[in-house]
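Lettered A, B and C in written order, each chain numbered from 1.
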Amino acid sequence: MSFRQTLRRTGYVAFMAAALAFFAVPMLWLASAPFDSDPGLGLRWPDWTLANWEATFSHPYALGSLVNSVVLCVVATAVTTVFATLAAYALSRVRIPGRDALLYLLLLLSSVVTGTAAMVPIFVMMFQLGLINSQYATGLVIAGGMLPAAIFILKDFIDSVPRSYEESARVFGASPTQVLLHVVLPVARPGIATILVWAFVQAWGNFLLPFLLLRDVDAQPAAVLLTTLKDEGGSANLNVIPVFSLLYAVPVVALYLFVSKRYGFRFHGGIKA
Amino acid sequence: MRRTVLLAAAMSTTLVLSGCLGQQQESDSGRNADAKDVELTITSNSVKGGKNDAGAKWIEDWVIPEFTKQQKDKGVNVKVKFDGVGVDDDEYKAKVALDFGTDIGGDIVELDGIWLGEFAQGGQIRPLEEIVGKDKVDAWDGWDQIPDAVQQVSTYEGKRYGIPQGTDGRVLFFNKKLFAKVGLPADWQPTSWDEITAAAVSLKSLPGVTPVQLNAGTAMTEATTMQGVLPLLVGTGSEIYADGKWQGDTDGVKSVLDFYQQVYRGKLADPLLAQEAKGRDRSFEEFAQNKIGILLESDYFWRSVIDPEDGVAKMADRDSAVGWAKIPAMAPGSGVDGQDFVSMSGGGLRVINPKTQYPQQAWELLQFMNSAEATKAYLDGTAQITQREDVNKEVLASDPMLSFIAEEILPITRFRPGIAEYPKVSTALQQATADVVAGKSAEDAAAAYKDALVKAVGEDAVAGG
Amino acid sequence: MVSAPPAEVAAPRRVPGDRDTAGLGVARAIGFLAPGLLLIGLFLVFPALWTIYIGLTNYTLTGTTSTAPAFVGLDNFAEALDDALFGNALWLTLLFVIGSAVLGQNILGFALAWFLRGARVWLRRTVEAFVLLSWILPSVVVAYLWIAVLDRDGGTLGALLGSPGTAWLVEYPMASLIVFNTWRGTAFSMMLYSSALAAVPPSQLETARTMGASGWQTVRDVVFPHIRGHVLTNTLLISLWTANDFSPFLLTAGGPNHESETLPVFIYRQAISSGRLGYAAAISFLLLVVNLVVALVYLVLLRKRS
């Protein structure tokens, strides 16, 4: 029995160690390449220097693009989270005919619109609407693409929030809006926070839409700028890319840590967090 | 219900708006000719801090201020904007193509020479004389300074569409230090393909050294065709397009693929470089680390890649360690027009957007950008081959490599055909080399290439046998 | 101040828990849905339908078919079904989805959720942090990280296995991509299963343990029935996301020689490199059909549960 337990223990530790290594090791490049005087595509012990940081900070558009990313993503995330929460709540609680089919259809269509082929319709449509070069409009387009999945996940989450709270609140005479704001929202916070982070991450990495719709290089977000960090002839500029990648990764990580600390990070709710 | 209504509305609007996909508006050449407040935009695949950084700096820091000043002296208020991005060529082309379909594109647009055909055929760009007026176009004195061959880059079906933007030439770069180790001369100049192979075989004895880098595969896209297939093909006596037909599985093409087979199968080149996503970048890195003996590239390699100060794969001893040689024909005299040595050149051009609101002013700006003074300012003390002979004479004297290109290579070089189908043919050629590297015999690869070609351009346009 | 119970919802009470407990009413519910639907209608449905329409034309980015595209009906679809590269892309996409999503992310995600249940807080936090980090980092950055791992000369994998010089991305492209995507997306599955496992009644787990059931038996007989719905939801989402994932392009550009050219990469190549937007749009529609098939399989399995 004891041998079996030891075996189990060892297996457990081995699995955890392997898993941890599997996830952590690839990130080492982000720790070494930004500080390496001659960074390559491979991983190596760096020749410590801060020159790459200087080069990145003096890049005319690097830091500005990070600001642009924040603006763009805040718009997209806020819109997505708010609209998705409202829609998910409504779909979860009220039986609207055809809602399931509608949700699946939208989920499928979102795959078409996030692909390259939708490039022309989106571009021409935004052009006809006069919304080219607008950070806000681009944020809305990004939100539109994310909404179906966000609603899908959130609805699943809200489905498992017990209705007893709402019922009690109704008995006490609360209006539906009050029920939503004061009863459901607090309980659903972890799920909403998760969607918020998810939406932000998706928007943060979106390249195609800003590339098409934001013409000025001053207005470009970091996702697009990262692809332009090349040398004269178009080869990847590995002096700046690692540093910029690190800077680019920081805001999303910070957001995750913040949200996870305050609200936890869960997909299904209920009282046990 | 609600959903069906939405759907129906969407469908009908779709049908209406789809008409918007293909609209063109002609530009009256005298439009706004007397305007005192003018707005112009220059679109270019360059961005400060990134790709073609020098070009972007030149436009933003020299062209725009100087032109604005010049116009102010004439009493015209001109506002010139720079629409610069620094992305892959294909993505830039997509952006420009989308722009042409609307009217928010730049007034002056930089294009790669090989795109001229397809954009012209689609009517997305139009001949200069239509936009600006024949007399005005012919009156420019700069045309005399641009060699006829270079002007081909911006000519389609006999009409000028824009002004060429620099050019280049291809040679064989080699590492003199490695050569010395195996007893090859520092002033090596092969006169046939066999001599290249012989040199490569000698280099094979050096440990950790790849004798030759001959671009192949589809990952390198146009770099395979331009720095691989085409220079070899013109060495067999035929250009890729002649007399209205594209080379199919002809003797010339088969010889080229044979050479690829020899080189790659004989382990004289590294097949992994042809298959990796970043193989070209890596090949540059390896040459700079003295791990590659011979490399076929354009002067871009000398100027921007292994440049001792700013290069992306710097070589501190470039000037003493790297030599260059003309690319030989398959055998002496077997090149196009009976040449012993051959080369290929490329280049871009700047066109005027047919939808521009200020055609006359755009033409002025275009001439300005291509004046001798502006071209010299572009070089900003560096040496590069420009489209103007007068500037070349002045500037290149100090750089032996580039004067070599200007004096010895440009006279024997050829350009790619400005035909709309070229990109498809190029893709087929790249695939053929990929097949050979992957193990197909040259015969089979040539046959497969021919099939792909027929599918792309039609049976009638392919020269066989 | 007692308001009357909502009478507008007349739906039969077959599905429990579907009651309009907050008295929303259909009208207000539609009001809540309106902003989202408006955005979706304008920026998703409309362009998507338009794209599908473009799939019926021979529209290209340049050339005569860009200014005067013609309606070609189902020609693009006929060409796709005949195109060896399309078949190749379809097969590779299926491999990619089954390998990295259905199997990889699911199993690893579940395993992590299961084994972390009883783990010490610091261990749990650390593992979760790294797993989530891999999910949060932007695609382009992650691509560089994995290129560093799989690099031929300086790659971490080569160093660990003692076989430097192996060009993983060239010699084993799909395997590399499957491992990469498993790494990339496990976080979602892990979080989902973590929450789902928390909802399994502890009493049943206790009973299983006292009865001497092995870990595997417990999972199969006690846990699985509870989380079956979640398994399906999770698998559906990650399958759809993986099928539409563009990241393979960042690592291998579809190479070498189309060996890792999944459908999204194929579509990109057709649209941008070849400029054939009509064809690319038709392929996008076919990808949607593939997604639809996956969703239908899921629905059938879901129906079977009740």
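We take it that a residue touches a chain if its C-beta (ideal position, glycine included) is under 8 Å from a C-beta of that chain, and two chains touch if they have at least 3 such contacts.
Small disclaimer: the values here were computed from a predicted structure and weren't measured.
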From chain C, which chain is the farthest off, judged by mean CA positions?
B
Chain pair that, of all pairs, has the most C-beta pairs in contact:
A-C
Quick one: chain A and chain B, Cα centre-to-centre, how many Å?
39
Per the centroid of Cα atoms for each chain, what is the distance between chain A and chain C, given in Å?
15
Chain A residues touching 2+ other chains are 40-41, 119-120, 125, 227
Out of chain C, which residues touch more than one other chain, so two or more?
45-46, 50, 54, 59, 147, 152, 271-272
Counting only residues that touch at least two other chains, what does the list for chain B look like?
17, 21, 91, 94, 98, 101, 278
What residues of chain C sit close enough to touch chain B in their complex?
41, 45-46, 49-50, 53-54, 57, 59, 61-69, 147, 152, 167, 169-170, 251-253, 255-258, 271-275
Quick check on the complex: what are the chain B residues that touch chain C?
6-7, 10-11, 13-15, 17-18, 21-24, 90-91, 93-94, 97-98, 101, 115, 118-119, 121-124, 217-219, 221, 272, 274-278, 420, 423-424, 427, 434-435, 438
For chain A, which residues count as touching chain C in their complex?
12, 15-16, 19-20, 22-30, 33, 40-44, 79, 82-84, 86-87, 89-91, 93-96, 104, 106-122, 125, 140-141, 143-145, 147-149, 151-153, 156, 159-160, 163, 166-167, 169-171, 173, 176, 179-180, 184, 194, 197, 201, 204-205, 207, 223, 226-227, 241-242, 245, 248-249, 252-253, 256, 260, 265-268, 270, 272
Touching chain B in the complex, chain A uses residues 40-41, 59-62, 98, 102, 119-120, 123-125, 127-128, 132, 211-212, 215-217, 227-237
Residue set of chain B touching chain A in the complex reads 1, 3, 17, 20-21, 47-54, 83-89, 91, 94-95, 98, 101-102, 104, 278, 280-282, 284-285, 300, 304-305, 310, 312
